[in-house]
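Right after this note come the structures.
Next, two complexes with chain A in common: one pairs it with chain B, the other with chain C.
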Partner chain A sequence: MTVDPHVLARARARVLGVVSADASAPVPSGLTGASDGTRVWLLPQWPDGATPALLEEYDTAPMPLDRPGQQRRVLAAALRCCWTKLDDAPWPGGEAPVIDVLEVYAGMSRGDADLARRWATGELRRLSDTGWLLLDETAGTVRPGPRVALWREESLASLRDLLRRLPQPVREDAPHE
Partner chain B sequence: MSELFEPLLRSYDEKRRSELVAAYLAVEHAAEPVPEVRFPALREPALRRTLEAMLGLSGRTLVRPAPKTWISGYRDDVAAALAADPACVPPVEERAVLALVLIHSVAIPRATGLLAEDSWQSPYPTPLEELRRRSQLPVGELEAALRRLRAAGLVAQVRADGEETGGYVPGPQFHRLTDTARRRLQEELILAAGPDSPLAAAIRARRRNRVHDPQARDPQARDPQAHDPHDRQAHDTAHAQGETR
Partner chain C sequence: MSPTSETVVTAADDAPSLDDALVGEAVLGVYRQMFAALARDSGAVVDDPELVDVAETLLAAFADAGEEGLTREQMRYVCRRYPAEVFDNRLRVLKGLGAVREVFPKPNQLRYRASFTSVVGLMFVRRMMLDGGQSEMHRLLALEQLNVADPRMTAEQARDGAEGLARAFRLWSVELITLTNGTIEELREQAPKLWGTEEILRRAERLHGAILRRWPELDRTCTDLRAAIYAYGDASRRAAARLSDSAGTTRNLTLLPPETWRTFARTASREELAAVLDGFVFDAPAPWHEPSTVVTAVEDGPRATPPRPAPPRPSTPDPGLSGDTGSDATAVERLRAVAEQVLRGRDRVAVEDVLDQDWPAARRVLADLQSAHLHPGLPYRLTWSDGLAVRPGGSPTWISPGVFERTPPSGPRANGGTAP
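Right after this comes the complex of A and B.
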């Protein structure tokens, strides 16, 4: 018995995590496409606009992260640098030098700045593995990942407030290519 | 956004509908199996059938790892189709590392009677040093493999605590194996850890018979290459073991 190709396409998207295709490629039915104009990433569709954040209301733990607090702060530092037009949506955002993100993160943390930068480098990789950021280690740049496209507009107000309070990247004029 | 689910949810009132949505997100995204006492859509058989249909739209199914607790996993036929797709199979380094964790944290404790027969959760961590020595991977590759396996929930890290040494145990994804997937994984571990044992010979004989038996009903049994993505890593166990000898 063969599996319904639509079902298989959705299952495949879950197995592969957040993968991209050429922007002109069709998005399988039942999935959401997040496009940056060049590529399109396949994201799940959840019923009635609910998100996994609903788990909190039911005292149900989501998949564990290694260092959730640190990972969230590094994501915030990265968004501070890549999501510069805060009135717009975070996706697709813009590219920022990794070094700026590390500086912002070091400025948010107490203690040894070198150590903070090293921790943050590891977290950037983890956030990139899971589609929250798109990290280009060769170019030394980072931009928002397609998963942020799943954030609902009405949930963004507190995040915008938080980002406005974070320190600015010091190297504002750094090349953004 | 939810046209996918609309045909299944349309007939329910608001309350039932939100119960179904909550249960759907819980079984799909929770780390551990969720107790049905907290979710009416898991408790009531009619709602549970609709939930099963919602999961089925993405090739998923309900799994009950223990009485009155539920989680989701890939349907066996979907898992077989995904495992046949090279893009969906993790790299050999990850499979080798995971196989080593399963041998040390599950197969060995199980063989000595320390671990229950059908459990894939283990309190016995595989030390990092063991992974380093047996996998023969350069440290950087081993760490990258462990990072991805942790992120995927396939292994979990146990930190050293006093006299207890730290290391890695099978991760929360192992709650999500169907009965068929668990059985296959068990067989693969026997083949890997004791290839010369009578039990391994029996498994090989049974598989051979199914291959030659045109009446065989189980499509997975007919094709030993096509199996659940959760247990495909064990397939390489024999290979990983071979390398360590």
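Right after this comes the complex of A and C.
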């Protein structure tokens, strides 16, 4: 029994989450590819350019999320560090040290900074699992995930404003033990 | 149709005779005695397990009493643990159903004896309660096996026995199937009392073979029995499979005792734990973070410093702070210049000499002298004395004599550094 390689690739992408393939690999129909030049990530494609944010307009519960606010704040902190050229698109962005992201997040939040860093580390991993960030734990770097490539250009204005307002990562007074 | 039902049909065709009524009454008597312990009154079953305990206590006391029997007072004494009305009710019902009867059937009888049938019935009931008919089925099968081997057994009796067993197996499997299709909790609760062991099935098949060998003409009855046995085996296997299936895949962790789950989680290897989710495909949609929700989350999030409203600003452009406020150095220098000009090197000068000019100029000088006098950093003093000089043609037209003078550096009004 032979299986259409496109069907197989689509099934793999659905089951394994966000998978990357060589940039030369074909993108099966029904999926869209986010490429950074060398690799291509297969992502779901929605009709008519809609995003899951449309669910809200229909009063449909989106994918449930533990502590969505915290996860989005960590995403914002990561983008602050990775998306340095705000006039460009966020994808593919640049690499940034995880320490910087943790510092930005700790600066954004109240309370124990160590605790905030630990929370943020967990959220970074979750964001990396779902394709919102690409986390390289051995190198200690993070870069935007392929999913941010699905953001529509016209929805980015407020996010750009926000990232301009967020504080810069402060390297000197952040000794990381 | 079996011959038994034919006889019933023929008996129903005839008009019932007194003999029939008598036979029926005897059968009913046995039934009543058997289940007297379970009766609440002559028409209903007990609704409180304690009532059965009363009957059991009574029957045990009768067994101890021997052939003498017991009087009513002795019975009451035996049952002293129970309330009087309960005891009266039980005794009345037991007497009514024949489980307890007079030693001699005559009026004003004081001594009573108990019926043997009731005791056996109660034993049977207790056993059924304990293991739900399964061991009873074992006993019946063993008994039937003995009967089949008995040379006095007739084909009729064997057929009745086989039919009874087939009926029991059928009902049994129907109950199991109903449970299997019901909720898993109920199945777990009830099934262990109902589903069969290999032992019961083997015994039943052995009995079936023995009947068929001895009375080959009963093959139709035996086919029924065989089908019932197999149906029961299937139902029992299906119930077990459903239970084990649901224990494997369900999230209902109450299907096994908590300690079992805990032990498994502690002792299982990583592969075993991972195997729990073998065959599961996770295709959950990934969470979506819209840029606007990211912005909202950051803005709604807890802040490092509580937000403080900015002070109001004028709408016109702000030129910033003016240069001459905050320090009065220029004013001091001007006052000092005026004072030195008035003194012209002297230490003191009379005010009326200074003011001998027209009043608009004189009052400016007077104001400056007064300011120099009041300024804490300047070493000048303006003192007035009593008296009033009226100068009708002069300017000003009246004046009090006063002196403007330089104060010494150590004076009370000289403030260190600014003194010359």
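The rule is short, and it goes like this: the second predicted complex is superposed on the first by the 161 of 177 C-alpha atoms of A that agree within 3 Å, B and C clash if a C-alpha of one lies under 4 Å from a C-alpha of the other, contacts with A are read in each partner's own complex, and residues count from 1 in each chain.
What we mean here is this: a contact is a pair of C-beta atoms (placed from the backbone, for glycine too) under 8 Å apart; a residue touches a chain by one contact, two chains touch by 3 or more.
Model, not experiment: these values are computed from the prediction.
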First, second, both or neither for A:Thr130, with chain B first and chain C second: both
Touched partner set for A:Leu8, first chain B, second chain C, both or neither: first
Contacts of A:Met63 with chain B and chain C, given as first, second, both or neither: both
Which of chain B and chain C A:Thr32 touches, first, second, both or neither: first
Which superposed partner A:Trp46 touches (first chain B, second chain C, both, neither): first
Residues of chain A contacting chain B in one complex and chain C in the other: 14-15, 51-52, 62-63, 130
Chain B - residues contacting chain A, complex: 1-5, 9, 17-18, 20-22, 24-26, 28-32, 34, 38-39, 54, 56-60, 74, 77-78, 81-82, 85, 87-88, 147-148, 150-151, 153, 156-157, 172, 219, 229
Touching residues on chain C, where the partner in the complex is chain A: 281-304
For the chain A and chain B complex, residues of the former touching the latter: 1-3, 7-8, 10-12, 14-16, 29-30, 32, 44-52, 54-55, 57-64, 66, 125-126, 129-130
Touching residues on chain A, where the partner in the complex is chain C: 14-15, 17-18, 51-53, 62-63, 65, 68-73, 75-76, 79, 107-111, 130-132, 147, 151, 155-156, 158-159, 161-162, 166
